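Following this line, the structures themselves.
Both of the next two complexes hold chain A, though its partner changes from chain B to chain C.
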Partner chain A sequence: MTAKANRWPLSPKLVGLGSLVLFFLLLEAVIRIGLISRYVVPPPSEILESFYGIIVHEHVFRRFLLTAGECLAAGVLITIFGVAGGVLLHRSELLRRACETWVASLAAAPIVLAYPLFMVLFGRNSWTIIIIGFIAGLPPVMLKTLEGIAGTRRVLINVGRSFNLTPTQQFWKIQLPAALPVIFTGIRLGLIFALINVVGVEFLINAGGLGPLINDLAERYDLAGTYAAICFVILVSVLFYMTLERAERWLRPAN
Partner chain B sequence: MAATGQLTRKAAGVPFDPVTMLRVAIVAATLIVWEALSRSGWFYRDVIPSLWSIAKAVYALLTQGTFYFDLGVTAAEIGAALLIGGGLGLVAGILLGGSRFLSQAYETYLYYLGPTPKIIFFPVMIMWFGVGPESKVALGALSCFFPVALSVAAGMRQIDKVLIRVGRSFRARPWQMIVKIYLPAMRHPIVNGIRLGFGVALIGTLLAETKLSNMGIGFRIINAYSTFDIPRMYAMLIVLFVLAIAVNALIGRLGGLGAVKR
Partner chain C sequence: MADPILVVDDIVVSFDTTEGPIAAVDHVTFDVRPGEFLSVIGPSGCGKSTVFNVIGGLLSHSHGIVSVSGEAINGPHKSIGMVFQEESTFPWRTVIDNVAFPLELNGLPRRERNERAKHFIAMVGLAGFENRYPGELSGGMRQRVSLARTLASEPKILLMDEPFAALDEQTRLLLGDKVLQIQQQLHQTTLLITHNITEAVQMSDRILVMTYRPGRVKRIVEIHLPRPRSSDIVSSDAFGHYVAEVWSDLREEASRGMEDAERHALGTAGEAS
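Moving on to the complex of A and B:
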């Protein structure tokens, strides 16, 4: 395998990036020749140009802050209720046995489809968006908190015992710190789910920050602008994941 | 904590299974609170409909012929999306999993694009495929491509090296390697990928239907919302959730995923 990889004079990363650039150049050429209508796919150069328009005229920064704020609100709720829920499930064996599979199936349920329902309950505003993000991100945090606390190494618990810690001290000094890396993995997953749902619902109900931007531009039939807005949202989400990944690696240097 | 421990031990002495009893209690409490909220008059009329009116709406829905037509439309769209997106995902996954070079060059892009909200591509899909079912299929396919591709690529790398060597020593051609070695060895990751793919294809297709369409369950849900027929909306969501969970379980069962949990 490695021998094969070494035959290539360029690093794979460079080839990946290069072929991406090549793809866009080819697309540009094909559109300019007229093989693909520019009213279906605008040339990449035009999309690049409309980035400027989006940033200057569409208050993209304010929109970004709004979406980020909604994500943050959902994230705070997820962290508080998710960790508390996980701890609760860990403390009560009975509750865990009754509800763990429910929480797991909640993670797989297409909750976001019920967005009209949330619109009825909370109105067409940021609350609907935050609540859906919260519900979407809750299960991973609960399950990972449970997994982290339950997986505390025996040695650490015994250390606590030998110091005669009370159960409360045992929890705050030993179990919670030991579980933190796993809990953070849960929070990271929860935040990703929250972001997906927040932006998706913003787009669907046409309220909030970045989601409606795509709607507005598409409705104005500003094709290049629509594509640029989509690229912008993707860029924001990719940056978001990368930051979270960095943060996680920083939190658990062992891995 | 000590108190809950005692409680558990005490509960274990009861002749009924305490877990089942707790579950029944939670469900009953939820229903009672729901009904109480529904009758309290704190919300606008019908925002939280009574259980009885929801049950009536479910019955009306299930005995209605048009519902099955819409269900058929949506099911066909999801099926087509799963076939196209899943098929392409399988091919991409095998390519990426089979070559370290390709995986290092391109997998990062898939990995980062995977979790972006796909629904935002819907305006583009409308431009490419029109406002009919095609654009919903396209969005569903786009959604399910990523989980299938990433799951298959990861599964491909976990195949026992011995199996691959067996295939090589029999001088299997690439196609034979795929059909006789890779695919059977990757059954679990593939089924798991399809399960994840089904989930996101369902969401993608239905969300697209709620955004812009004139048939399908998603359209009916948003239609019920805009005519404020809330019990009917609840009924459709309940039926949809039950169906989604059932199909999810069925795919897992067919793939023999009993032991593999995810």
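Moving on to the complex of A and C:
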């Protein structure tokens, strides 16, 4: 297994890319045969052609940067406040008992519907979008941080105690590094929630970014362009996923 | 004879259960002399690990005193280094960073702590594995990392709770050799908690046999096997004699433990039906 993996170091990436190409070829064939209506899903070749139009005429890169920036701001906020909130819930049993259910409920709440309130508070600008993305992405980070820290193996805590660690040392040297993989799972989930809400609110309040572009193209019935713009939303997601993976590998190389 | 370095004097530990308080350890008294290897042996559930946790300061006792070099202790103490039964290496640290952990806590500069960590890594026979992560090592190697980490804190007393329990017999014997070698090299005072008679006889100067619930000291057996020792000793007549002697004390307690477990299982099954 290892020998094969060493001989073909790029093979998993190539297989991944190949399967994607194969999927689009099959989709193209199925649409051209007429099994799927081209008025519902345009052929991938048309989507590919429409990239030129949305890059040149719709300034998609500027919009992409705005959406990515809003996601980044929401991501930074959910990481800082989510991890701190999870730690706080772990430290205070009273707070945990009082708030855990509320935080979990918040994860399922359709925050996006409260956008008029946030527009009143922050105006029709990126702050409304960032704050809604932040609130939507906060619960998974808080809950997963709590789960990760509470799930630290008893024996590791006892090792710390046997070395006379202070509670602060116990947290920084044992509990936090032990919880990192679970915390990163929370951040990933939080970012997905944030991205969905960022694009959704962009779409609703029409304040720039990829959301309004997708709306405009759909209303013009430019289906190929709509799908091409959606590809840029996926690109934001992929970029954040890859960055997180690198950050996790840097913090926990053993993983 | 030298004064004892560790004294456990009349310790009582009880736990609250739904059926009222149960004494896990009942007026246990013993001492360990400097450089001595003492094993505490007893059937499962006799309170061996409770004794380990009390001496290590991880569990409080309701009566009695634990003292190190004449100083009563109440909580973890820098003179006592603990090696746990469960795998306890830090998976996010390399072998060298695991072993250097107590040195890092003491504020030693990186270069110095790495040099000292390498010394202890070599001592447990893991030279060359310094930059590996625990996930890349076998169970026996990980336990050796834990042992090296504890030794790096240079404790006066090495306290081990069935450190080889999860390992196969051959690895256990070989690691027993390694521990013996280190103990003899460092003249390390060692207290081993175990349920394995051959392991206890192979390594100890004295074996403390505990009764089944509540845990009391049944007898202390002096082991007069020659030192330096290795696992070769297991084929000697004297070794067999000591194993038989300890087993004759332990058999009755182990039987009581088994009967109690069966009674408990029957009771649980009766309640369920």
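Criterion: the second predicted complex is superposed on the first by the 167 of 255 C-alpha atoms of A that agree within 3 Å, B and C clash if a C-alpha of one lies under 4 Å from a C-alpha of the other, contacts with A are read in each partner's own complex, and residues count from 1 in each chain.
Please note the rule applied: contacts are C-beta pairs under 8 Å (C-beta built on N, C-alpha and C of every residue); 3 or more make two chains touch, one makes a residue touch a chain.
Predicted model only: the values in this text are computed from it and were never measured.
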Under the stated touch criterion, which partner chain does A:79 make contact with: chain B (first), chain C (second), both, or neither?
neither
Touch check for A:175: first (chain B), second (chain C), both, or neither?
neither
Examine A:40 and indicate which partner it touches, taking first as chain B and second as chain C; both and neither are also allowed.
first
Return the chain, chain B or chain C, that is in touch with more residues of chain A.
B
Kindly classify A:50 by the partners it touches after superposition: chain B alone (first), chain C alone (second), both, or neither?
neither
For A:152, is the partner it touches chain B (first), chain C (second), both, or none of the two (neither)?
neither
If we overlay the two complexes on their shared chain A, which of chain B and chain C does A:163 touch? Say first, second, both or neither.
second
With touch defined as at the start, can you tell me which chain A residues reach chain B in the complex?
1-2, 4-5, 8, 12-13, 15-16, 19-20, 40, 91-95, 97-99, 105, 108-110, 112-117, 119-121, 167, 171, 192, 195-197, 199-200, 203-204, 211, 214-215, 218, 223, 226-227, 230, 233-234, 237-238, 241-242
Please name which positions on chain B make contact with chain A in the complex.
1-2, 4-5, 7-8, 11, 18-19, 22-23, 26, 43, 47-48, 99-102, 104-106, 108-109, 112-113, 115-117, 119-124, 126-128, 199, 202-203, 206-207, 210-211, 218, 221-222, 224-225, 230, 233-234, 237, 240-241, 244-245, 248
Note: in the complex, chain C contacts chain A through residues 56-58, 76-78, 80-82, 84, 86-88, 90-94, 101-102, 105, 133-135, 153
Chain A residues touching chain C - in the complex, by the definition given at the top:
153, 155-156, 158-159, 161-165, 169, 173-174, 177-178, 180, 252-254
